[in-house]
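Presented sequentially are two complexes of chain A, the first with chain B as partner and the second with chain C.
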Partner chain A sequence: MDNLLRVRDLKTSFFTYAGEVRAVDGVNFDVAGGEAVAIVGESGCGKSVTAMSLLRLIPEPGKVLAGSVELAGRDLVKLKEREMRHVRGNDISMVFQDPMTSLNPVLTIGTQLMEAIRQHQKVEKDKARARAIETLEMVKIPSADKRLAQYPHQLSGGMRQRVMIAMALSCHPKLVICDEPTTSLDVTIQAQIIELLKDLKKATGMSIILITHNLGVVAGLATRVIVMYAGKIVEYGPVNEIYGIPQHPYTWGLLRSVPRLDAAEKRRLVPIYGQPPDLLKPPVGCRFNPRCDHAMKICREQEPPFVPVNGNGQHHVACWLQHPAAPAVAGFKKGVPA
Partner chain B sequence: MARYILQRVFAAFVALWILTTVTFVLMHAIPGGPFTRERNVPEAVMRNIEAKYHLDDPLWQQYLDYLGGVVRFDLGPSFKFQGQTVNDFIRRGFPVSAELGIISIILSMAIGIPVGIISALRQNKWQDNVTMLVAIIGVSVPSFIIAPLLMYVFALKLRWLPPAMWGSWRQVIMPAVALALLPLATFSRLMRSSMLDVISQDYIKTARAKGLSELAVTWRHAVKNAVMPIVTYLGPLIAAILTGTFIIEQIFAIPGLGRQFVWSVNNRDYTTILGLTIFYGAFLLLMNLVVDIIYGFLDPRIQIAGRKD
Partner chain C sequence: MSGGNGHNGQALVRVEHLKKWFPVAAAGLSFGASHEWVQAVDDISFEIAKGETLGLVGESGCGKTTVGRTVARLYEPTSGKVVFDGQSIYDLPAEEMRRVRRKIQMIFQDPYASLNPRMTVGDIVGEPLDIHGLAKGDARKERIYQLLETVGLSREHASRFPHEFSGGQRQRIGLARSLAADPSFIICDEPISALDVSIQAQVVNKLQDLQEKMGLTYLFIAHDLAMVKHISNRVAVMYLGKIVEIADGFELYAHPSHPYTTALLSAIPIPDPTVEEERRRIILEGDVPSPINPPSGCHFRTRCRLAKPACSEKEPELTDRGAGHKVACWVA
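Showing the complex of A and B:
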């Protein structure tokens, strides 16, 4: 697989008064051309910071400390700010969580769409306008030409998110990062937006990084899943394996907390007890150990290495339970949930 | 929109009527009248004077007469200056006060707003600390300290500018600066806090993620949203400054409306007090209306009643 994006050992910290918060602590992953990869995890696990690090839009007092982000062979971390600006919105664009607040309330849809196009493509106003209408039609917004003169508050939430997506697509990016694109929308609209993203991916051949804590959304769009916890990746693999044979206790927990319509009998949803750790002082060893039902002595002492699962070289997990010496724990599919 | 303005104008007239009535009553409640100080005047002469100005009429009569005049835009004769009317005072004093006021407001906006933007963008860096320190001084030091200080330095010591009076552009500089300082400081502090609020909004993140330059993000996306509190403050400020400021006009001996106003209160010049109060009130109401209409243009979410999209 030729990789469009190669992220290696990415580290992003926030330097607060209380100390260094390691929001992203050594993350590695790849995204192939035309592929949709999901990053999942609960709030505060570093998903969004990872995404913002790719675009180098970490707000003060945060900083990308180390690592490389190669987009088609070019390391974005080393680019000058001016060159980076040409990457943003042009090579990599972003769809944010809340379309109600992510569009500027005092500018028309047209202005906001066309400014990105004119920024990157240096075209005349009427050409930018034509492109803006074209992208609005791509995201299936009816009477697109009339929308250009409208303001965000005149559109519904679902329409605004379509506008956000149109904006992200307007310069033919290679990669679109969708940060919780459906979280603030109601369920029927969620399904429409996911369907739309899927169609657009097929039509344009773009890659997608989908950041979400909604595992249903993941299944609808992504082919691979990365599970993050406390600034680190704990498990990654093809979507069917993450759902079918998850290996990390944290992944089990995530899956157990999703309601299922197809369950044979009624079961209670099982939450993951406790809070994500304080990243000022992350736990020693495996970061999930204070919340893990299966934590062993070594989990509190040493960080687990990644080991391959299933022998196909695609599914990996960082958990001491995989060690040959670990006691056999009944896995997710072997009866523990329910 | 026309309907909305009409409603507002009607409400303004009601407000002005209340203002006139309250001022009229309060003014007459103060002991003493326009002619009480002239003690040696024989009683017969006094009675003649009072008759001439209708001060011997019952109060309600005087009130109705006065209202009748106001409706015809006639604010009556001055009780203190023979042969002069309050309309004359306004015609003479307002252009002076307004010229000084407009210059100071332009000055304070031209400096205060950019300063506020810069200190927001450099939050907690030295640029921010320095400007906010200066702004605090600007807000807290009263103009009757600033004005003599300016006079002392630039007129007396350096001899660059004439110390007082009105007429040439060089006489405008010091009073305009002294008058501009407070609004300048207020503008910069307002703009700073408003900008800080706006640049943490999601749509600014969106604008950055589009690859826009910092300048475009600031100018197109942030400033237009951040300028609302400025507009709010601007309405009453224009009304207050353009209708004259007593202290500055007094110190620099400028023949403006503010000086006239205070003088008329001290001398119980009934018609002048009333007339200038009504003028100020009307101007303030007008400015507030203008501000509300400007809101509608700046922020499309604010619908001016009756406007269809």
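Showing the complex of A and C:
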């Protein structure tokens, strides 16, 4: 698979009165055509800011400082705003967390869908209408033509999220960024939306960037996982390896701190102590070191380099425990499948 | 109490045929016209043994929060009975109720909205002490420090304000406040849903430690079934104002009987790609119907793949299917 998206050394900061907040600090990743990549991490780790940076939708006082975002070989960071507007919707579109606040409450579903279509493609009104009905059917909304005349408040949360997905897909983008698409939904509705995204990915061949803190949702949808902490990627790799043989202590922590529904016995949860750092003054060295059980002297002094593990060139981690001189950690083998 | 109800020891809380209906103005309503009712909680019964945790799960709008608030008598019930420690609490006059309420405390979902931003943490935690006249002066101060330390904060935090704390710390402040009046029963209403995953585990472990140390009884209300199973001895599943199934947590997961429970369990993603790949999901069609005019008979029948004509005629009762595993379903 060729890479559709290639992100290199992306840096985004917010210039607040208190100082510079480095929300995204040197992020690199690729997304292949037809692939679903998940970005996981806790609130404030920079996962949403990363997504907004790709679309260049960073609000004041934020700014993309450096790096490149190549979509099919074209660097989006260098585009003029007018050209960028053509990219949004047509090439990359976005589904937001809260469908109630992202839809306009005083306009009908039809008006909003047709606006999106006519904004990006030169089509007549009735053609746009037909296209709107078609996309609503694609996201499995029953009696789609009647829904066009309805307002957002007349739809349930799950239906609203389907409308948001329909809107995102209405111009056949190559990449859809889903920012916590199921967080505000109930689990049975979440299951409907995840199934829908899977089906749509298969049917349209689009790529997905899934941003979430829900490790269960990731396991069911993504093929690759990026773990972010305090503005940096700490680990990335194929989904099976991230869950099966995670290499970063933060990834271990995330996986051990949630109970599993299929657990056969009660096991005490292992929390990650403390809280994420203040990005105004992030810790020196590895940013996770104040909360890490295995922190060594070097972790407090120098930032760990990204190193490949497992020898397949797919799985990378930024942790000093990978260093040949680092002591062994019980129950964990350096870069070797367990 | 032995065997039959699936828990040991005396029931501390007994809820019998509890109903809480809220009036809503019907369209075009004028004075004197009849109201419509949101049947938020519709005839539910359960018991919680001393030292036990009962988990209450269900999707938004199923009535689980209303159950918690009505059991604490923050809402007056429409009908039904709650017996707490041998006393029927709805019959108590206000003065006596206040004395009982010392023993029944709540922790709320939103750690931002449930703490007064203009009060210091010390005053927030100390308020129950003042209301119930439990401690004054230095003793009050000492008790506040002790409570803060119990929940893993330090005495220096007493003079600070809520905005200086993170979500997880605020939830600990709420916990300290609920412990101040020395309760025996705590209703935890989605206490961790607003927190990040790494912080959730901290709060849940704290709740478990306190239960062990102080013999607390919990009603743990949440929508995260994995977490509810983890913390609870028994789990009750609610759908549209009714309890549809109640059983030991492991039993419920291993042998779910009600079609709604089965669907709910299968909808929950498991953080393991190999497991996820092989799982067969039961996807429920449509949305939860309105609790204003719930479907006749079994409330779940409109979304149930096993529904038969009989399901629309009569409401199924919660019946014991052995070892305290109760199910309300005509088919299962």
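Keep in mind that, in the parts below, the second predicted complex is superposed on the first by the 328 of 338 C-alpha atoms of A that agree within 3 Å, B and C clash if a C-alpha of one lies under 4 Å from a C-alpha of the other, contacts with A are read in each partner's own complex, and residues count from 1 in each chain.
Criterion: a contact is a pair of C-beta atoms (placed from the backbone, for glycine too) under 8 Å apart; a residue touches a chain by one contact, two chains touch by 3 or more.
Computed from a prediction, not measured in an experiment: that's the story for all the values here.
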item	value
Clash or fit, chain B versus chain C on superposed chain A	fit
For chain A as apex, the angle formed with chain B and chain C - C-alpha centres, to the nearest 10 degrees	70
Touching partner for A:164 - first (chain B), second (chain C), both, neither	first
Contacts of A:85 with chain B and chain C, given as first, second, both or neither	first
First, second, both or neither for A:204, with chain B first and chain C second	neither
Partner chain(s) touched by A:42 [first = chain B, second = chain C, both, neither]	second
Touching partner for A:121 - first (chain B), second (chain C), both, neither	neither
Per-residue contact with chain A, leading partner among chain C and chain B	C
Which of chain B and chain C A:94 touches, first, second, both or neither	first
Minimum Cα separation, chain C to chain B, after superposition on A (Å)	5
Doubly contacted residues of chain A, that is, touched by chain B and again by chain C	none
List of chain A residues in touch with chain B within their complex	55, 57, 85-90, 93-94, 96, 98, 101-107, 115-116, 119-120, 151, 153-154, 164, 167
Contact footprint of chain A on chain C as seen in their complex	59-60, 166, 168, 196-202, 204-205, 208, 223, 225-227, 229-230, 250, 253, 263-276, 281, 283-284, 287-288
Chain C-touching residues of chain A, taken from the complex the two chains share	42-43, 156, 158-159, 186-192, 194-195, 213-220, 239-240, 243-244, 253-255, 257-264, 266, 268-273, 275-276
Residue ranges of chain B in contact with chain A within the complex	201-203, 205-213, 216, 220-221, 224-225, 298-301, 309
